[in-house]
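Heads up, there are several structures right after this.
There are two complexes below, and they share chain A, which is joined by chain B in the first and by chain C in the second.
Entry: the complex of A and B
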């Protein structure tokens, strides 16, 4: 009895000794997680290289990032991610200490302190009408000792003080059809020229006094041919434009207020014409370029406004902005791609024939063409000029070239991830290279002794540093083979540039990258868009020797009937296996739960005409598919019309397309939401690969509830038409939100609930038998989260044992979605503090581990929230039995525990998506969050109950065992001696 | 209390209206974020990245995002009349979202309230409700923690069995002891064969 109570005490102690919180200690940062910072495709770059001090470059990107980079290594000094609708129009450096950004269509002007990125001032600019936004920072134009910034935006010219952002003067250009093209400030003068077109055939020129905004001159001249596109300034009082046919170049000079046109047909310049041209504006004096189809022509303007072709090339050419070098001279760079190399030339503006610099740099084929180039100069030790060039490639990467070499490169394409999937690594075999793990036993013991010292707080600071570096450098985690726990995987990501990357989950390094040709701009496809990634082949069992591969789906252009493109990529080697340009469009992709003999998954592509196309196009796949033809259902959502439709297959295609893999479809049902009162804003289903461990839920007092688990449930949220706008645009009385649970096979609405006085945006996640959604409650003016759990009532009476014994249960009766399901739902709502960007749920291999919601908050952090907090059975005063079951007393808002932020003190800037992947170890799930930044970590929602943590101290275990053995032998001898004495007595 | 006094001063000083109307339908919201030094527990060893340059102010769930000036002031431009929500995102601090009413009828009227605790604000000065500690703090080493670890418990249990059990046996009634011993003897020493399922047949 005594021993038993001891045992109980022991067990109690054992469990109480475990730390009940899942969070991280500060020294554990970086052990299993990694964080990478990116910028996005660079739109504009401005160098800041004074003779003394650090060499830096300011960049603005298509992800609305403004950042200061170190020119030596490409590291980020500081970075700000502006709002998604705060698109940056222009950046520049003023006074040598402020970074000026113009954004939001030219309506917000901000100045940032260059060294530390602190915002110094912000001004709001408004104007009469929408227009082009132009930012100009004249170097030596001062109004009362105040440097100014010239901004043209929204039809208004503003001069803003550099010091405090105050508007010094403004001038409206309200001409009805005036389209301002350029604002020119001739250096050294106090004049500003504003040039533009009016009513498509009138050239307008305004001369303005830069000191007070006074209009000095206004001239206009008609040109009967009209104008097309942009203008390029060639001299301070001359611009080049194209006529409306795109065949004649116009040199417009407005010297002394006199506008004169000079026409030069392009056919006079080049023999063979290639169709209409486009001007590529450049800021280089006397030089501009035009593009006709794939041909780029660089043209020089002589002093008498004569045009002469200096270069004609078939290669894609990028021209840098002008860089002032000594004595009023300008240098500029041209860069072209030719095979495996890129050719960089730097020339002086007035001297085309000589090159200041000519270099060829070897460039990875998978970076594609050069899209942009920015140059900067430095003075070499021999007093000559050296040039460094910052180039932006087709895959959105940013590279610095200097002296014919790549100094550094940044994979900024990873800032715009479209889709993510995972792939296993190869199995560890003989011959597969494996990193050295532990050198010998002594090293191993030494490491653990250090760790022990750490836990006993005996370690010196050097020891602590040694422990930390030992833990971070663990070579195990970045090995290129599969591990027993399934922590090491490849994350396959598709970026907006059409490039595939494979990232290692251990430390986030890029294993391979591949620029997909099918997603590159070509003659047949001008605007390719990457859509999705699917696991095409996941070999196991009988196809072990095959490499896994992924399917990349893209389409040509944004329209719904644009033809699709498929590509198949091997995930071990990173090579494209094959690619297909489709004749049909891709509206929907359905990965089917069937695989062929080589473990290729069958995919059904639905096109815009509602035909279904099966891939792979093999006879085997067709035969598998035809067997299951009657079991395939899907739905489509037309949010514009407010219709949800259910579809099934009818049979082989009839009509003109006689294709073996084409199938006709039929519409089964449709739900039409009243367009005047409801608008679909969110639809969510369960993840296809989700595993549910148990169907029944044992609740307190031994009752059983059966979860209604169906893969065909769809959650739909609609809002009142008025409430579909922004928060604050609607009153609580005129807005409501309706949540539906719809069966997608029959179209039956299983549940419908209305939240009065609520509005979107709705973010939802569906898992097992529950859905959690986040919306805005206008009455309380707070965000709310609701949970709906759905239970199967038809099986509820099976809990009677006698029925089971006598065989009267209905467990064996077939479950069909056509029989009316007898379901009950339970729901509850809670307040939630933050706005939410995305919600995900953890997923584990077998679905035993309890779930956590991963909430991407507006602050770009990821919060893990136990599902137990969103349990509709929570009450204010739970009974004893319910407490034992783990029901938390009801509170009106969900708790935000800072320690449960999985991103800890980091931000995943521009957060867009959270992906969870089960590890092989049941307790652990892998979490990948992406936005402008990438973040990866491992989570154990119910702690790691099935493995020893990384921190497990083997040395302490050894010492304990030694101590136990010593104690046993000691007590043994003691008892022997005692026995001997007893016997002698 | 020390943190409150400068705040009160600030309320008196900033008499300029928080809302200024510029055109017919668009208003500006001006406010200030104030992070007092040494709020809550003065935690050592935890470097707070409390730099003002990393603080973002968000309107209506990210519709507009703005940043703080060096003195903590921020403003949103061109905001239509209505009820809006302002959130502050600052690593290391927990801010309550603020409900702000921009009234078209009497511009310049201040109406703001924290949504977490429904506290009204007379001036749009946002202060963190609390600091956020993202990491667990390592407990300093103590004998108890070592004893409470599974290893410590094992040792403790063994010691208890080794030294307390004989004591328990000693305290037993000698009569009872003898009886128990006899009982054990009569049953014989349990052999391995008798424990096996097939052993009973022999």
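Entry: the complex of A and C
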């Protein structure tokens, strides 16, 4: 054992003495890494198909992406991710060549060049108060040959020039309680109507000259019933609204400046009432829809402002915006889901009874309902109109339908991943479906001959291209079975839409996807939220025949006492094994370090009332749990109150919630942070599945330091209340940052350090016995990274070699955290250039390989930084022994080596998280970064010391061996002959 | 040497017999010269052979001592090489050290063989053997000492605890910020 690890250390040392810069050669890009680009759920789409050129569509999404897509294949021409605090309010196309976006609550207006996505101009719009943001691009409205864009935002109406973004005029609407609902610009006129509500029962109408912003008319009329929600414009001078009870529809007409109300109780339109209604705004002339619970009613407004129900349906219906087809005619589309199909109808606005188009399209059940539809027309060869529809499904995917078929689809749900876990693939054996792999000896030999040619620099450019494509398309890597090195795995991801995807690590293709019913909107649960993914069953050893499964935890609505929902999904087949709607809420999920006989992991769910519920609910699990009951604790971090509380389990629940698997808890300890001086901004713990190879750290001169390794350590960072805002909002004297290391079993604070003049946000990562955190130093005006390492001093006197040789020590016997710890910490701080989005650390299967920090930079790249740079034992002039140990001379800032960007030339737009998974090969770790884009690669922090690289040339080795053997036998016979001749002389 | 060997090995073998025929009766009928007595020659012969044997055993003993002292030169050379190799672990120093360890061990294994040619009833080989063994042990010790200076001997506590897994904790705690 000792010898083996000694050898490993030797090898490690040998390799680490080489400078560990991990860079790729150009031709290695794409061998083990893949990158996928997504957009997020589309919230607005504008077609650009006027000219004969390429057919394109501009989309804006909930991930704040604005992109131009090819309508033929769905590929991205260009894309801009605006960032999470720059929410897009509206997009449109102006002048046929600019994409106009309004974002950040209507305060930033940008124009992008349509063909290439370059920004043309940007203007910032301010206003007196917060309001709805509306963007209008009138087609034929010009001020001195300038086409204008009309924006209502922040209580101000602006007319902006299309050419350079200059504000031509502005008009404030400062009425105290005025809430502008709609800005209407009747086509062909120079008028703008601004309509809204004031003090909840006053309808206000402003008529404005679009050329100079002059107020022409202002009318207001009171309606005693009040108003609710949105208004829907039906004609250019008529809108429809709901009264405050949601039972009466109001048709408000303001023709010629006269406001008149017309009331129509919904009960007059439909016989049976379904509760209060909600208006679904549409831009179609004369048509609007209301929704009452699950029932959608489409209503037509006649010329005399009479309302007429044209359709009432239980199916979820989406209505597209109006599409002008010919002179004064508008078309629109309705789409509904019915079983395995979706029904698409395109109608003319004034002619409900006839369909321009009626199609049924087969649709995968796991795409759910249709959420949005955008239509566009084209002229067929027989001069009739054809329609194509862009639809957004419940799983956030984007599809283009044309002529009853799905032309292309994009899985844009993958842009909003909530949680990631991994699963092994099936073991390769008979009967398990395996992707077909070329195993032709001739092919193999040919490939290696090509490689050999490449190595000997004899290859022609075609050969080089063939070698490269062969390397990239290696079918080995996308096989559906487990490999020897553990590189092939399934990445199970949960998206915000409540859909589970299994991605293959080899090439990133989707193996299966499953729309979780428990996370879909239903009568019982109006706003389900997916929370987390856990490994539920990881079969190995004695439960080999079972398939692994994951546990998906969700809850109903954002409140803390909303009931939870559990789903168990088989990761091989992608089928839901079972699902549970819980009666209790889910505040915490604690995976326990115990599994039952079928390798199901025990999970403890803590509800809002601090009862603990054990899953699985089997007698076996209960007996395992009860045996360990006294050793299980849990803690809660209440970041609003600044309290951390520790709890123990007491026994079966008493009272009305008597249940076999319910346990009462009691509070053991609490740490209260003074509310005015410390506010919790970050907490981080070690990863539960992290493997630590050894508790000892050998330092220079053969000395040993014992790491304090505990799974129950919590890192907490607090800042002064004043300093919890934006960076730079306080002076260095007013702000400080305190870092704590807390034992979560006993509540003991093991270490506390204050950084004066520092501020959040804090990003931290905890691994083994160290924590690294990133914050802003106000005094130095730079970002800083600090490292704290914690060592166990009570073990330091284990120095007698003979005792250790004979095993007479208690270094490996189980320890209780209630024994008095004697720890020392070492820490150091360094400047760091980048601001950081997230930090992760590499993890390997046995924890022997040295570690690298993976830093998600503000530029959406992942930077690998050796942990050796964050070693608190670094000094300016390390001794010879320390140098041999691998200690780097201390510098004030951490180096950023351009070659150590894991993402090389790519960007993971909107980076949110980095996940590392150990491969079976000790040297290698798998890294998955997700944001709007997905990126996956393999990393070897100490190089692949335990395997030959992928491009190792076996043919060359074989040929060398054969040549050597031949040479040996030849020279042997030659020498024999010569000796014989000598003898005869 | 080669040539001689070749001649010896070739088919036409010939030999010169240097054995002393003087004691044998003369082949030809030539009378012994006057004053010559065969008996005295006989006596003389035995003293000569004894003298010869003494000389040989002396020579053997001397040789044995020489052989026994041979490792000393080796030792000096090894020491010089080790000094040259330095105290850092790399291919050269490891090679030197392992050869320094291997040479004495193989020599000790072949102690009997080394002194085989000098085996004689009259020669006391114990002394040379002991010296030989002692010198080789010295070489071995030098090798071990070198191994130690290279830090490759598990003489420190760190060598025994470096792969100890972390101790198990009795308690388990989980939780965090409420979901």
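As a convention for this text, the second predicted complex is superposed on the first by the 923 of 985 C-alpha atoms of A that agree within 3 Å, B and C clash if a C-alpha of one lies under 4 Å from a C-alpha of the other, contacts with A are read in each partner's own complex, and residues count from 1 in each chain.
Just so it is clear, a contact is a pair of C-beta atoms (placed from the backbone, for glycine too) under 8 Å apart; a residue touches a chain by one contact, two chains touch by 3 or more.
Everything numeric here is computed off the predicted structure, so don't read it as measured data.
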{"item": "First, second, both or neither for A:930, with chain B first and chain C second", "value": "neither"}
{"item": "Which superposed partner A:606 touches (first chain B, second chain C, both, neither)", "value": "second"}
{"item": "Which of chain B and chain C A:372 touches, first, second, both or neither", "value": "neither"}
{"item": "Which of chain B and chain C A:591 touches, first, second, both or neither", "value": "second"}
{"item": "Touching partner for A:712 - first (chain B), second (chain C), both, neither", "value": "second"}
{"item": "Contacts of A:692 with chain B and chain C, given as first, second, both or neither", "value": "second"}
{"item": "Shared contact residues on chain A - chain B and chain C", "value": "2, 6, 10"}
{"item": "Interface residues, chain B side, partner chain A - complex", "value": "22-23, 28, 46, 49, 51-53, 56, 58, 60-70, 75, 77-78, 80, 82-85, 87, 89-92, 94, 96-97, 99, 102, 115-116, 132-138, 140-141, 146, 148-151, 153-155, 157-162, 165, 168"}
{"item": "Chain B-facing residues of chain A, complex", "value": "2-3, 6, 10, 13-14, 16-17, 19, 21, 23-27, 29, 78, 80, 82-86, 107-108, 110, 116-122, 124, 126, 455-457, 726-730, 761, 776, 778, 780-783, 833-835, 837, 857-861, 893, 896, 898-899, 901, 904-907, 956-957, 959-960, 963-964, 967-968, 971"}
{"item": "Touching residues on chain C, where the partner in the complex is chain A", "value": "6, 9, 88-89, 151, 154-179"}
{"item": "Footprint of chain C on chain A - complex, ascending", "value": "1-2, 4-6, 9-10, 531-532, 553, 555, 560, 586-593, 604, 606, 608, 628, 631-639, 646, 683, 685, 688, 692-696, 698, 702-704, 706-707, 709-712, 744-745, 798-801, 804-805, 811-818, 884, 983, 985"}
